[in-house]
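All chains are identified by letter, namely A, B, C, D, E, F, G, H, I, J, K and L, in their written order; residue positions are counted from 1 within each chain.
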Amino acid sequence: MGLKILLLNGPNLNLLGVREASVYGSETLEGITKDLQAYAERRDVELRTFQSNSEGALVEAIHQARTWANGIIFNAGAYTHYSIALRDAIAGVGLPVVEVHISNVHAREEFRHKSVLAPVCLGVIAGFGRWSYFLGLDALLRHLIKS
Amino acid sequence: MGLKILLLNGPNLNLLGVREASVYGSETLEGITKDLQAYAERRDVELRTFQSNSEGALVEAIHQARTWANGIIFNAGAYTHYSIALRDAIAGVGLPVVEVHISNVHAREEFRHKSVLAPVCLGVIAGFGRWSYFLGLDALLRHLIKS
Amino acid sequence: MGLKILLLNGPNLNLLGVREASVYGSETLEGITKDLQAYAERRDVELRTFQSNSEGALVEAIHQARTWANGIIFNAGAYTHYSIALRDAIAGVGLPVVEVHISNVHAREEFRHKSVLAPVCLGVIAGFGRWSYFLGLDALLRHLIKS
Amino acid sequence: MGLKILLLNGPNLNLLGVREASVYGSETLEGITKDLQAYAERRDVELRTFQSNSEGALVEAIHQARTWANGIIFNAGAYTHYSIALRDAIAGVGLPVVEVHISNVHAREEFRHKSVLAPVCLGVIAGFGRWSYFLGLDALLRHLIKS
Amino acid sequence: MGLKILLLNGPNLNLLGVREASVYGSETLEGITKDLQAYAERRDVELRTFQSNSEGALVEAIHQARTWANGIIFNAGAYTHYSIALRDAIAGVGLPVVEVHISNVHAREEFRHKSVLAPVCLGVIAGFGRWSYFLGLDALLRHLIKS
Amino acid sequence: MGLKILLLNGPNLNLLGVREASVYGSETLEGITKDLQAYAERRDVELRTFQSNSEGALVEAIHQARTWANGIIFNAGAYTHYSIALRDAIAGVGLPVVEVHISNVHAREEFRHKSVLAPVCLGVIAGFGRWSYFLGLDALLRHLIKS
Amino acid sequence: MGLKILLLNGPNLNLLGVREASVYGSETLEGITKDLQAYAERRDVELRTFQSNSEGALVEAIHQARTWANGIIFNAGAYTHYSIALRDAIAGVGLPVVEVHISNVHAREEFRHKSVLAPVCLGVIAGFGRWSYFLGLDALLRHLIKS
Amino acid sequence: MGLKILLLNGPNLNLLGVREASVYGSETLEGITKDLQAYAERRDVELRTFQSNSEGALVEAIHQARTWANGIIFNAGAYTHYSIALRDAIAGVGLPVVEVHISNVHAREEFRHKSVLAPVCLGVIAGFGRWSYFLGLDALLRHLIKS
Amino acid sequence: MGLKILLLNGPNLNLLGVREASVYGSETLEGITKDLQAYAERRDVELRTFQSNSEGALVEAIHQARTWANGIIFNAGAYTHYSIALRDAIAGVGLPVVEVHISNVHAREEFRHKSVLAPVCLGVIAGFGRWSYFLGLDALLRHLIKS
Amino acid sequence: MGLKILLLNGPNLNLLGVREASVYGSETLEGITKDLQAYAERRDVELRTFQSNSEGALVEAIHQARTWANGIIFNAGAYTHYSIALRDAIAGVGLPVVEVHISNVHAREEFRHKSVLAPVCLGVIAGFGRWSYFLGLDALLRHLIKS
Amino acid sequence: MGLKILLLNGPNLNLLGVREASVYGSETLEGITKDLQAYAERRDVELRTFQSNSEGALVEAIHQARTWANGIIFNAGAYTHYSIALRDAIAGVGLPVVEVHISNVHAREEFRHKSVLAPVCLGVIAGFGRWSYFLGLDALLRHLIKS
Amino acid sequence: MGLKILLLNGPNLNLLGVREASVYGSETLEGITKDLQAYAERRDVELRTFQSNSEGALVEAIHQARTWANGIIFNAGAYTHYSIALRDAIAGVGLPVVEVHISNVHAREEFRHKSVLAPVCLGVIAGFGRWSYFLGLDALLRHLIKS
């Protein structure tokens, strides 16, 4: 089918494998990404990736996705909880976005229970470690092929 | 592998296909369940199902799952937002539970943004229509096989 | 006209006449129901009644009403204030529902001032003792005949 | 019996039939009032009416009702939600007051869910369009005759 | 000394002696006013009085006081708790205003604990029945003579 | 073009030039109005003006504007923050209304940050002293000519 | 004296001894109940027991207790925190009810600090493990014998 | 008449004349007390005084007043806003207590707007500087002589 | 067994028998204490008692208990609701503390529903009048003997 | 006069014309800017423009404006609602800033009703589509010429 | 330079070294004080110390410091979070006060995040164990020498 | 000892000396930094500095510090109050971080009282002007040498 997907990672996710292993696991973002790309390829999907710690750069990556991508898998990290700018970007480009989280944010601090992005996303997947990304890709593909 | 999974559905999900099709789609719970069971079988997983509109009956289904199931896929419907009894049941049996929702609860009324169950679940999947169940099964299997 | 109406009573209403007479009066639910059925009959309306203390059973009574009733008169008792499951059931079956209360809930504890059901009901009648039911029936008939 | 009732309407109700027809219907206040007076007459009830957009004038109408009326049917419009002066007037005169609303205020903006008047009224009727007034009259008569 | 004082009474205070005697006592506003004027005269103070149930009329009485009065004794009744218009009028004319209440508002409903007027008044006297007015006059005179 | 505009001023604005000059400036409402009318005339716009301290009178001025005006420039003063009656009047007549404020309400007390009128107005202009009115007129004309 | 007491246990208490032993201890409900019945017998008290995970069934057990019991020892489990239906049942039957908890609910999650039942109970005992039941029985007997 | 009154002053009032003169004035507590005692004597009232910075000592002074005083004038200073112990002491002894404040607490920080004592006092006088004490004495005498 | 227990009473409990008999009963603290000491002696427990209205003195009594007591029965009165100092003292000494209340605090004012002490106590007993102390002693002994 | 103004646009405003046309209109930021620059030139004003999706870059643009601009027209987009960094930048440079919004933010989601920037701005203009910018320029010029 | 400083310690700090060593460390207050006095002496500063568990005694120590001290290092312990009396004492004496905490209060319970004292202190130092005192002394000296 | 420390400054701190001198003083960041580096050198500490107005750049500076620094002195400016991304970065790298503020944030606007960073920092120092940095360095060194 030749779908193109953006895998977008927000702040501190470049620390994966380093940062608080008890919460986020010991695998690096590179490791997960490589496996996910292989997984995507087997489904004839092109997966481009971008990670940034900057809210502005993430906004722009979403804007640019408008011109080439069929959908976005987005782990917005901490920005999930307060970046209305990212929310507006998602609503603005009109692409289907799947919000993913490695940890179960609902089992952590109160302020992580609220997502300002979720209301403009297609759906949310949280708590399955590295597999959250794979499930996110599956969810997006189900949606894109169906629609 | 021979894993056994409980597919648990809460209040009003027996109305699927009837109830507010614009929100929940036009497929019945029976239709989705049948496909999901076939999907499970191909993965050598036995999927037993139970639906109830009664909080107490759902609590008991979780208790009984302790004796035979490896995990639970749980769409608790409205009880998601206030049933501390179900939360305690999940915490009490110690099984991995994946909370699933057909609709994107975060894009609906404020009171649907909060889950009292999520903090004691493995993770949450919401917003992908019938596919939320399939993704929930995949998520649970990834967890069970890994662990 | 041959309309059919469900008179649905929730938790503790079976105690009417016994329970806190200063708040709820000294008449039993049976007494009120009998008079109300006579009142309905004179208007060529069949009034079927159901009382339950179980949230699940009330949800199911609403589901079943879909198959035979033109509308529901519903005194949900304490569930008025927290049962999102009942709210979803009402929204799900799409029948006109009149929320009734014997006492003036707004003149009692703060937590009784809020109804989670009212937003999906046709309207609300509260505070007129046994007459709340009769007014509820009138209100429903006005609506059904008009529409 | 020769009862005398005040039909009291608050701010913007003189716009009925003009104002937001999708919410309030297309009938004028005059039309409804005329029918309601006929309805009252048939029950040997004198129905006097007063509408004002001024909180102070409404307070005074309630004060004056003390000297001639047996009860009040009151649609306080927007003042329902903040006029403690009207609340105090109702409590001060000690007449039975039925709070009525044309629309189902609970299905509208959050700030319309709260009535500062209801705790000192006999009861509340909301959501039945023009019929809310008729039901309000019935409710008041039931109360007056009973007491 | 020849001071001139406005005694300003807000909504429902014309009901004094009638309204809820257990809260407000059995004396009429006329009775209290007459005694207070005699009391004022003995101190060579001219006391003019105005009562209104209308927020706008009270605002205007405050405006006019600018041209002749040395201060205001103000029982704003229910408007105490929400009339920002009266607050702005008080701040606007720059006269010393003593807020008085017959009942102890802090011992009543929660919403009566908050005064939106008090922050722009000279001070507050509440809870001493008819004597609150006399104390208010004394307080104002102490202030005016001192300053 | 021959447009007709209502310039509506709420409570205490008749005190302009007198009241708290550090906040509101030293010009009178008459002075501003005269200049604004000249400004309007040069644009072939008839500007009629009304000021009242009474919520009810303001409601009625909005009602009457329905019969002759193309839009309203409204400085509701303190009523901005709590008059749901004015909000309902604006929504009821369906005219474009520009909410204006002389001072920057957001830089003042917390309770002035919230407008109950703004959600049903065309837009808001605040903080530019006497020029807020001129900008309000421009804004309204831009809207009326465009539409 | 021949008193009769209902020992009522709510949701998940049938899991005692299994569920989170670090919080609730390792003894089963059966074990505790047996000892408590022996303890009661020695005081010439008949202790009947009922456990249910269903809110409705618990409501009904309270209703039925009206006909035979002198009082109730009630561990409502999770329902403690939200079941207004149970609150109304307790208030309705007018029996003395002692609320008991095995764990110290105040040392756990915030939502466990609030009991909707306590205001209509005789008193509360929490935090003493299995002994909370024995203390609850003592407390009830002290009350019954005294009164 | 020979009445006996306790003048009770709470924390930091011994600093009067020293502490923040712009808020509290430049007179010492001794100075005010001396004048107030002379004022009391002329009315045949014995005024005993006690000041303490300790909550416990103030509680005890209230307890002891039970045995000799007819009423209390109480400036509780900061304890006004949080000392439930003092509230309970006032309620416990059943004497009439007039709460007084030198400054207008409502014109200061938000946390000073709330009094936990006022609901169990006879009334409140605030904002009149040293005269608040004299007015408080007058208020108490009016009450004691009347009753 | 020779256990030593501190019976600690907080503010206003020295007024027992005097203070609001409808809430607290007509027995004095001395009376209750004497009976409780006899009760303790029969169990070979030494019960030392201390009452203070001062937060600081109560803190110090807890500190000293570290050197001689096996546990504390603590009725902290009003301090229950705000004394973080007492909470820290309890946590600091590490003794088991049973929080007791004569009245059912949950059936009284909202601010009495919250205990800042309970999270660091062993458990809570409230609502059983004088018997709360006896039950508290039993509870503490059960705990001490078990552990 | 040769004034120099910075036109500053925040996140997602580069999407104008693309993003949610029903909310923001179909014109591009380039189109509006071009017209606004022509409009400025006719008033002898130099208008320099900067748009960024990065909070940091916007902070710096404000810093730099200190060195050359007489004032700022600022549409901060989503940052309006949470960027205290931008607020501090505005307060820090001390230039007059006019906050503008294309849509009427008060008629949208609750979280858009609050501006953290407005308290340090000169004033706010919202809801007039492209004309908000022109009105903002007029407002700023009125202020700059006056001052 | 001969500066004189008061080292003031509030409730439970006399337990240091005993109380919860994991939070507060194992050193006693005496040990820390001794070292701090030596440290002060080397800087030619006289350090007097006072510890009390009584709010009133701490208020008085602050009052007395007015007569001899140049500043205060204050660890108010639990009173930090609610003692408005201490806040008023600090504001009243006008001495520079440095608020210190041994533990990082922001990393503990929510109620410890708020200081009612900090707004009237010079600054705050928290989280550095025994060194918080030394840093507090340094901070105070920097301030005193500079000013 | 050869320790290496990162001095990290957030948004608007490059304006020091320019921005609101009454709050932040008249010294530039460069001036303070130079003195602090000299101070560090005398203690054999290498102090590297970084200032940015961009949240993302600050996140990355913290990430990089992992590879070379022993700790961080962090004045996060406005980001202190909402940047969960910075909080996660601090928690992620596991370095000791001292939060410093030039002004006493607790004496300013309410929103500055809360730090989202403090719970994951070693401690906080606020209110001592330029000396907050020096004290922060001392605090960090005490911690590093001790540990």
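Note that a residue touches a chain if its C-beta (ideal position, glycine included) is under 8 Å from a C-beta of that chain, and two chains touch if they have at least 3 such contacts.
Please read all numbers here as calculations on a predicted model, not as lab measurements.
Undergrad: So using the touch definition from the top, which pair is joined by more C-beta contacts, G-I or B-C?
TA: Contact tally favours G-I.
Undergrad: Pick from G-I, B-C or A-B: which pair repeats the contacts of H-I, with over half of them the same residue pairs?
TA: B-C
Undergrad: Counting in whole Å, what is the centre-to-centre distance of chain H and chain L, each centre being its mean C-alpha position?
TA: 48
Undergrad: Can you give the whole-Å distance between the Cα centres of chain D and chain I?
TA: That pair's centroid distance is 54 Å.
Undergrad: Please list all residues of chain B that touch 2 or more other chains.
TA: 54-57, 82
Undergrad: Per the contact definition, I'd like the list of chain L residues that touch chain K in the complex.
TA: 104, 106-107, 113-115, 118-128, 131-132, 134-135, 138-139, 142-143
Undergrad: Show which residues of chain G lie in contact with chain C when the two form their complex.
TA: Touch list, chain G to chain C: 54-57, 59-60, 63, 66, 82-85, 87-89, 91-93, 116.
Undergrad: Quick check on the complex: what are the chain A residues that touch chain L?
TA: These residues of chain A touch chain L: 10-12, 14-15, 18-20, 52-57, 77-79, 81-82, 111.
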